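Next come two complexes built around chain A: one with chain B, the other with chain C.
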Partner chain A sequence: MGKKISQALYHALLWLIAVIFFLPVFWIILASFKTKDQLLDVPIHWFFEPTLANYVDLFQRPNIANYLLNSVLISVLAVVIAIVVAFLAAYSFSRFKPGGTDLVMFLLLSVRMVPAAASVIPIFLMYSTLGWKDTMPGMILFYAMFSIPFSLWILKGFVDGVSERFDETGLINGASRFHVVFNVILPQVRPGLIAAFIFNMVFVWNEFLFNYLIGGKHTTMVPVALVTWMFNNSGVDWTFVATMTTVYMIPPILVVYFFQKFLLAGMTFGTVRGEI
Partner chain B sequence: MTDVIEFRNVSKSYHNHAVIKNFNLKIQADSFSVILGAPGSGKSVLLRILTGLEKPNIGEIYLRGVPAESLSPGERNIGYIPQSFALYPHYKIYDNIAYPLALSGASKKEIDQVVQRTAEMLRITKLLNKTPDQLSGGEKQRVAIARGIAKQTDIFVFDDPLTGLDFKLREQLFDDLKNLQDTLKATFVYISSDALEALILARQIGILYDGTCVESGDLVSVYNTPSNSHTMEMLGFPKSNVVPGKLMKKDGKDFCQTDIFSFPVRLDQPATDTVSVGFRPQNVILNAPAGQALLSASAKILLKEDLGGELVVHLSIGDHKITSVVRQDHLGDLGEESTKIGLDPSNALVFESTSGRRIGQGA
Partner chain C sequence: MTEIRIVNLQKEFKDLIAVRDLTITFPSGEVTCLLGPSGCGKTTLMRMIAGLEEPTRGDIYFDDLKVTNMAPSKRNIGMVFQYPVVYRGLNVFRNIELPLIEDKLPQNERKERIREVADIMGIQDDLEKDITQLDNSTRQKVAVAREVARRPKIILFDEPITNVDVDSKDQLKEALKRLTRQLKQTIVYVTHDQTEAMTLADRIALMRDGAILQRDTPRELYNHPNDVFGGWFLGNPGMSFIDLEIVEKNGSKFIEKGFFVQPVRLTGQIKDSKITLGIRPEQIKVTDQPGANSNQAKVVRKALIVGGQVLVTLSMANRVFKAKLPAAQGFPKAEIVYVEFPMNKVTLFGGDGKRANIQMSVVPNA
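Let's look at the complex of A and B:
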């Protein structure tokens, strides 16, 4: 009996914490259906007559479709490129173990240890010189470069977890290395590919600084648009911020919801995989 | 008989550490050959060299009479059964078994015939539609064997495939493997670290010790007259007894003196004085009757292990530990604490200590 009560309390506590974490998100979603006056009123209106006026306003703004399309194109393409490169690199590092593998792996990850603000200037200069500013390929390659290290770390863990006996069985039976990589190893590290995809996708999706600095009107993604549009004559346009944010967070929420089990596997870097 | 596989002076080292040292071995066509070696003696490396996954630093492999150096693992056309099953988790059992055939571009009909026949041989027909994670260890091993032998070839390589399975399963698989080899009429090369397994399976045997093949040949003759002390120690169950000894002359005759017995020897070749004397537990007689031409000594009984029909008795004589195996019905009245052991001198084999080669035996 006592055990049941403590478990119920425990569950209640978990729910409470989850709700607290969700509250800001909930506030944003609610706010997107309010008028400006309702939104700024204190205390908060929990019950009100919802309006779609904010959504109508959002989708009537010039270029909004372009910005959304940019966000989707840039993040999906960048992350796909990153994962292809990272998967092949992970396979090579895992199987051929070239000298200095550990050092290279560390150096790669160190790209992500430097605060973004520190690498802004060199990258800005580089992109100016190359004339890559505000170009789709430039933007996509930048985010691909930024997504490779972490993907590589996740995927190397997964490939390491797949016994080399699988490769050898394939090779001895006459398979090419290409066949081994894509038909034998790849299907076994699919959770890792999905986890790496989601982690990096969420990162690129929400990235602001570099898109603001080396992007431009052809490559603007939603976070930059959000900031440029949020100030109007009378200060911060809160209903706009709430509406834009609500729309923008739907795709990642759906993706994470449907692939959450892979996300967990990804966080353990594949180390829980057993051999079959 | 023709040799289908030949290792010629093969050496392989990693980071200046020699793993395989001047390894020579010929394997006859259609034989069941076991390469027996202790864990860490280089067995797996040898297999990797044979299958082409690694290249030797020195030496050559001949496959079906042709140098294999330039052949890729796939081109060597060897059926492979790995130690760790390595069944593809994303394939059904059927497709796992079909894998080597599918890779070689066989037709669907051909594949189906071979898979069904192979599955029948290994009694796994009812598993064909399952996935590897639904199988027990023994079933997985059967499937791995099926995948290996589904390949249409004449050489099959088994990398210690029964380690980690329980004994009853292993016994069943021993029978299966022997039957398979009879049916397929192919060369089976089986790597093992277990003497009992080697004794049960092998017709031909090679003894791998410290990276070299110290002895090879027909199992029965290698077992009965090992020409190397490592063979004596490794090939036998339970392990053979080995005691150090010294050669000397007595009245112009060769004698061997050990802490347990001393006996006249017939030397086949000249040798240094320091020797080791090996004799099998099966040849150690307990309750030895007096007055026969047996070497004898008093021993303390340390432990008796009852194996049902047989009794393994662990004894000590001075500082030496001796093992004896006797049939229960031959046991007679064995005391609790001590007994007298006997050994026919012709069963005492004398090996030179430095080289390990057999130089003679008791006379």
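Let's look at the complex of A and C:
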């Protein structure tokens, strides 16, 4: 009996925390269906007559489709490139253990410890010199580069978890190394691939700084568009911000919802090893 | 039928010689067990035969084909590891079938072969099950079946039973025995478990420190080890060793008195003034009554071991050794017992630990 009550309380607490965290998101979603006056009114209007005017306004803006498309293309392609590179690298580090593997792994992770602002100037100069500013390949490669270290870390944990005996059995049974990597190991680290994909996808999806600095009108993604459009004659255009954010949230929410079990596996990577 | 010929093979890791200048031939159609303690180089030797490890020096031949630097996939071998390698998400049938598909065998041939090995391994009822439904021992059977179904020239086993829980060990051992009898194939089997080696091997190659000390049939190896190590390592407990003085009399050499009733003369290559007598504990005859060929000994300790057998520690002329009494005989009744060492069961070792080329003969009135 006591156990039941404590469990109920525990669940209630979990719900409470989840709701508190969700409230701002909920406010934004509600706001996207309000008029400007309703939105800024105090106290908050919980019940009101929803309007789609904000959405009509959003999709009538010039280039909005391009920006959305850029967001999708750049984040998907960049992360796909990153995952392919990271998976092959993870396999090599895990199996061939080249000298200094640990140091290399640390150096790679340290890239993520540097604040983005610190690397702005060198990257800006590099991109200017190479003439890669405001080009799709340039933007995609930049985000791929940024996504590789973390993906490599996740995937190396997963590949380490697959016994090397799988490789050896494959090799002895007449398979090539290529076959072993893609047909034997890859299916077993699929949760890791998906987890790495989602983590990095969310990062690139929301990235602002570099898209603003080394991007341009051909490569503008939604976060940059959001900032440029956010101010109108009378200050911040809150209904616009709310509407665009709501639209922009939908893809990652769907992805995370459908792949959440893999996401969990990704967060606990390295804790359980396959070998006995 | 393929024999494995190994010539001057050496494998060095950083500061360790895992396999030391080894030359040996594993005959075709026989099960050879590589037996030895952990770290003796048996797994390294097997991995070099498989091509998973590159030798530092020396060569490996399958019949007349030199395979030293050949890729594992080209060697036409099968290998089963300690860790049961099975592919999750596929049923047993598909698990066995995968390499056969890679070998481009027609479907009816694949089915035929899978049914055949499933029968031998006793997994015919599990073919449709998913791998995750199986315990470790059945998974290992699937791994074995997959290798056998390909009909490779040589099959290598690397401690396949070690990771299986005790209950299913015997069952898996039996399945492997059945398999090896039926296949009549060149098989190399690595293990550190002597009963496993005794059960499965046609010949046992006893390894220590990267060298093969002796290769013989299990019985021969057990009864007449070439080396003190072989005597000690095999058996439970291992051989009893008794250090004996050699005494000279009238130009002949004899074993010191007190262990054999009649004087025992030694002939052959006697190098030292001492010799080690080795005998299996169960071959020492221990009785409560004095006999024509027995000497007195004192019981130091008694213990009961598996199967009702009695293990006694005896002291005789200041030497202490162990003897095993059959279950029917039970514990000795008194503190004093009478002990005989049957001469044909005794192996003599020299000071270097190797079997000595020395003969014993009874000289009644010397």
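Assume the second predicted complex is superposed on the first by the 271 of 276 C-alpha atoms of A that agree within 3 Å, B and C clash if a C-alpha of one lies under 4 Å from a C-alpha of the other, contacts with A are read in each partner's own complex, and residues count from 1 in each chain.
We adopt the following convention: contacts are C-beta pairs under 8 Å (C-beta built on N, C-alpha and C of every residue); 3 or more make two chains touch, one makes a residue touch a chain.
Since the model is a prediction, treat every value here as computed from it, not as a measurement.
Trainee: In the superposed model on chain A, is it clash or fit for chain B and chain C?
Mentor: Result for chain B and chain C: clash.
Trainee: Does the superposition put A:187 against chain B (first), chain C (second), both, or neither?
Mentor: Both partners, chain B and chain C.
Trainee: Between chain B (first) and chain C (second), which does A:166 come into contact with in this model arrangement: first, second, both, or neither?
Mentor: Touch partners of A:166: chain B and chain C.
Trainee: Indicate the residue numbers of chain A shared between its chain B interface and its chain C interface, in ascending order.
Mentor: Common interface on chain A, chain B vs chain C: 163, 165-166, 168-169, 171-176, 179, 184, 187-188, 275-276.
Trainee: Could you pull out which chain A residues touch chain B in their complex?
Mentor: By the definition above, chain A touches chain B via 163, 165-166, 168-176, 179, 184, 187-188, 275-276.
Trainee: Touching chain C in the complex: which residues of chain A?
Mentor: For chain A paired with chain C, touching residues are 163, 165-166, 168-169, 171-176, 179, 184, 187-188, 275-276.
Trainee: For the complex, give me every residue of chain C touching chain A.
Mentor: Going through chain C, the ones touching chain A are 50-52, 71-73, 75, 77-79, 81-83, 85, 87-89, 99, 102-103, 136, 143, 146-147, 150, 163.
Trainee: For chain B, which residues are in contact with chain A within the complex?
Mentor: 48, 51-53, 72-78, 80, 82-90, 99-100, 103-104, 132-133, 140, 147, 151
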